[in-house]
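Same chain, two partners: chain A is paired with chain B first, then with chain C.
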Partner chain A sequence: MYKFKIVYLPEFLEYLQEKYTLWAPAKSGTETEFKVISSFAEIDQSRLNTTLNPKEIFFPRREVLFSYDENGIKTPPPPEKPVAVWGLRTCDTRSIRMLDEVFSNAHQMPEKEMFKDPYWINKYADSLLISQACRQPLSTCFCNWFNSGPFDETGSDIFVIKGEVNYYLKGISDKGQEVLAGFAKAEQTDEKDAAEIKDLQAAAESYMSPALDISDLKSKLDKIWDDPLWEEIGAKCINCGACAYICPTCHCFDVSDEGKAGKGKRVRLWDACMFQLFTKEASGHNPRSNSLNRVRQRVMHKYNYFVDNYQKFLCTGCGRCVSVCPVNMDIREIIKKILAHEI
Partner chain B sequence: MTELQNKIRELLEDHTVDLVIGWENGSLPLVSSPVFIKKAEDAGKVNFDVTCRNNLTTYLTKDRRQLGKDYQKIGIVVKGCDARSVVLYVTENQVKREKVFLIGVPCQGVLEKKKIFDICEGREVLEKRVEGENIIFKGHAFEIKVPFNDVLSDSCLGCRYPDAREFDAFIGTPRGELEKKDEFKVVDDFEKKTPEERWAYIKDEYSRCIRCYACRNVCPSCYCNECFVDHNDPQWIGKTPEVTDNIIFHLIRNLHLAGRCVDCGACVSACPVNLDLRIMNKKVEKEMKDRFNYTAGLDINEKPAMATYCENEKQDFIMG
Partner chain C sequence: MCNTYLPFPMKVERIITENPDRTLRTFDLSFINEEDREKFIYMPGQFCEFSILGKGESPFGIASSPTEEGILKFTVSRTGSVTREIHYLQEGDIVGIRGPLGNWYPEQLMQNEDVVIIGGGFAFTTLRSMIVYMLAHRERYGKITVIYGARTPEYFIFKEELETWDARDDITLHLTIDKPYPGWEKLVGFVPTVTGEVNLDPKALVLVCGPPVMIKYTLPVLTKIGFKDEKIFTSLERRMKCGIGKCGRCGIGSKYICIDGPVFSLAELNKIPEAF
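Now for the complex of A and B:
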């Protein structure tokens, strides 16, 4: 494990920029989101979680797939440098790894059935994900329900802990180790540092509420598709897309053509199962015509269908949806209701 | 049981209504949750306090209209602005007055999360307590006491009618009509800027919109069966969150709300990226007042401003 003084962070980030395009949390109006950073001063780490999620780095809310005019079709060029992300939380990093399974089909699927999304892979390839330990998790955080926690290193290339005077950095992947070994200001940690890290971890974990055992959630959901419970759960949902759009794991998208016959572009944009239009068919029929169907779909996709396909929940417990929902649809309360429901 | 809970229990017991829409304590300290009470014994869940931001009347329209079909009569807890939404619904033939039982409450105003976030310097609030004219926020290793007005939503600070004026039962002591001299100050200040400055502001704000439509979906006045943004044959507007289409969405929504916005602030508090959604709505509200002396939701017998015509209306846009 390495360390460097907190004051050397700008230098470390400049070092990363030699090889990478650097993304980090930055101000966006009153809020924060991940942006390409040119100088250290643009970084805003005042919030534990950024308002908007980091899926945007590899899966933008609006992405041109190709453009066309009389000279032919143009696809966007691959990025010049790979991406490095500073300031991720473990929940975010794990979300990006999940999306990678979806977009580059890294899970065990026969080769011929795999679809590799070139737009994702172009940006994701050779990326460096640096996650940072959460020293004071929020009351909305529930990553510990998913076998994770504020000091979970899973999925990171480099894992960072901010101490009182030092950043402690652990190279998790080979790529991460290589980057750290090449930074001149990085020193090896000693026993005193290890003790500080241990204390910080214990303090951080004390902020977390006890984890809920959700091992039965998937099998419960298998049995309640047509249960009246959904009425109770979904009645207050107003069917906006706030939860899906600020969710780091939601990845449904739509494709839209912009332009005229002679000139235009095809774009991919985020879509959300909470919208009426999401499943409306050309005939006018809508198989998920009411709010309850749509709420059920979102819960089922995250905690049931995704488990069927990828053997994990499509949720990392970042808690963003809990804090932004205009009508307090708290996913933790929904899960508790489902688990407590007698069939 | 509070007086409000008692009233709700009574209404359900004697079958005056078969459903009551109210608020209950939410899962977070600064958030309350809409609740649907069908049984008298559940009346104790209902609460009303400074976190009740939602305008619950939004549940009476849109694809939730089915709610109205399932119930003979719906009771609904209303603040001043919410009651004005019901008045609007009645004047626009969306809700039959006799189908709803309005339980009015005197509103002290509701909290704006962003102001609290700023005052607490981003630290998470775990507890809040109202103490006279002040409110106390507590979190890990901090406690802050601020005047209540510092954390009220802008809509509440500009509110003239905190009590439901249209109601079937009123719980508590009405606050009466409030004197507001500067309710359009925010618009007046904005109008003083140059067109370039105004355009830059609007562009900056709306460029951040992620098009989640939370503003539209919580809005009681946005009840079209099919919103123009959802219509795709022909497609009226680009679907992507791109600044020009974002502006088209918001400005058309503003115009559709002319004479219809009750400034309940629900859109502002619903926005996950905290856009300034109020300024343009307030501008349109001011225009409606100047031109037609009309304020939405005040008179249940008055025709909606945009559905009527009167010869002596200001027509300077035509006459020059």
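Now for the complex of A and C:
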């Protein structure tokens, strides 16, 4: 494990920028989101979770698939440099890894070249994901329900812990190791550092509420598709879609043309199963016409259908949906209700 | 890297207006690039995303058969904004096509079996593809029986072809309309009713495609006759956008219609919530 003094962070980030396009949390109005950073001063590390999620980095809310004019179709050029992300939390990193399974490998069918999403793959290729330990998790955090925690290194290329005077950095992947080994200011940690890290981790974990055992959640959901429980769960939902918008794992999108017949662009835009128009057909027929069906779809996709296809929940417990919901729906309460429901 | 989001160009060769109120049109498209033609290997039951740049994209089942080389056929009902623009196309215009997408009718299982095909309205497109394919390889299959229903005689699509098939002795055609109509001498009655009345042999394999309400009422009739769920196949539709299992619009349970379907056996559908 390596360390460098906190004051050397700008230098470390500049070092990363030699090879990478650097993304990090930054102010966006009153909120924070991941942005391409040109100088250290733009970074805002005051919040634990960014308001908007990091899927934007590899799956922008509006993305040009191609432009067209009288000369034909042109795809956007691939990025010049690979992406490095500073300031991710483990929940964010794990969500990016999940989306990668979807976009580069639908339903775990790696042999199907035509199912690969080149727009995701071009940006994701050779990326460096640096996640940071959460020293003081929020009351909305529930990553520990998913075998994770504030000091979980899973999925990171580099895992960072902020100490009192040092950043401690652990190379998890080979790529991460190499990057750290090449930074002149990085030193090896000693026993005193290890003790500080251990204390920080114990403190962080004590902030977390106890984890809920959700091992029965999938099998429970398999049995309650047409249970009246959904009326109770979904009654409050106003289908605003905010939860899906800020969710780091929601990835549904729309494809739409912008422009005229002779010149324009085909774009994809984030969309959500919360909206009535998501499934509405031109004939007027709508397979998911009422709000309850849509709430059920979102819960089922995350905690049941995705498990069928990818053997994991499509949720990392980041808690953004809990903080953003305008009618105070709390996904944790929904899960508890489902688990407690007698069939 | 393969990019399935990019359409390739095709030329509108022929437009046929299928019904008197001009809401149904069939478009024969030809490949412009030889390379696209060679790559386009498909089977009856698959679909394409059909687009006009600047106007948008919609999914349609392929109505032509792979045995009809060099062309692709789509029948489009004028319903929303994209289909309206498709109806404005003229012969010679260029359109964008992505595909072939999805799975296909279980042709291998159909070999050496009797086959029953049940269709309704303008959803007859991929069934037409299957029938043309079977007639081109007639020796592979047992008895072929077709039940096809439309509102009135004018609403059948591929009318000339239906007449040719009717004249053949290696395919049995039961055409039916909803209500009596002057001059109509064939069957009258809804598809589910007719299905129960034409003495189908439950050993056959069945393909059903039509409006949801037709499928809903036909399936129990088939079960009552004695068809096994594993031998009944139907094709589902949703508002598919990407066609490669990403955009999430065609999810039914843990399946995506665009990559796991559109063709499913009733045995599979019984396990999927939200299928109908």
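The criterion applied here is as follows: the second predicted complex is superposed on the first by the 336 of 343 C-alpha atoms of A that agree within 3 Å, B and C clash if a C-alpha of one lies under 4 Å from a C-alpha of the other, contacts with A are read in each partner's own complex, and residues count from 1 in each chain.
Convention: a contact is a pair of C-beta atoms (placed from the backbone, for glycine too) under 8 Å apart; a residue touches a chain by one contact, two chains touch by 3 or more.
Note that the structure is predicted; figures quoted are calculated from it, not measured.
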Looking at the combined model built on chain A, do chain B and chain C fit side by side or clash?
fit
Once the shared chain is lined up, is A:324 touching chain B (first), chain C (second), both, or neither of them?
first
On the A-aligned overlay, A:254 touches which partner chain: chain B = first, chain C = second, or both, or neither?
both
Just to be sure I read the superposition right, which of the two partners does A:297 touch: chain B = first, chain C = second, or both, or neither?
second
Go through the superposed model and pick first if A:4 touches only chain B, second if only chain C, both, or neither.
neither
Is A:230 contacted by the first partner chain B, the second partner chain C, both or neither?
neither
Of the partners chain B and chain C, which touch A:12 in the superposed model: first, second, both, neither?
neither
Is A:115 contacted by the first partner chain B, the second partner chain C, both or neither?
second
May I ask for the angle at the C-alpha centre of chain A between those of chain B and chain C, rounded to a multiple of 10 degrees?
90
Using the superposition on chain A described above, determine whether A:246 touches chain B (first), chain C (second), both, or neither.
first
After the superposition, what is the least C-alpha distance between chain B and chain C in whole angstrom?
5
Looking at chain A, which of its residues have contacts with both chain B and chain C?
254, 256
Per the touch rule above, chain A residues touching chain B in the complex are 28-31, 46-47, 51-52, 61-62, 136, 138-140, 207, 235-236, 238-242, 244-246, 254, 256, 258, 267, 269-270, 272, 275-277, 289-291, 322-324, 326-328, 330, 332-333
Under the touch definition given earlier, write down the residues of chain B that touch chain A in their complex.
26-28, 31-36, 54, 58-59, 63-64, 66, 114, 122, 124, 126, 140, 204-205, 208, 210-214, 216-218, 230, 232, 238-242, 266, 269-270, 272-275
Help me check something: in the complex, which residues belonging to chain A touch chain C?
65-66, 68, 73, 75, 102-103, 106-107, 113-119, 121-122, 225-226, 251-257, 259-264, 266, 268, 271, 273, 278-283, 285, 287-288, 297, 300-301, 304-306, 308-309
Could you pull out which chain C residues touch chain A in their complex?
1-7, 51-58, 79-83, 212, 237-239, 241-242, 244-249, 251, 253-254, 256, 259-260, 273-274
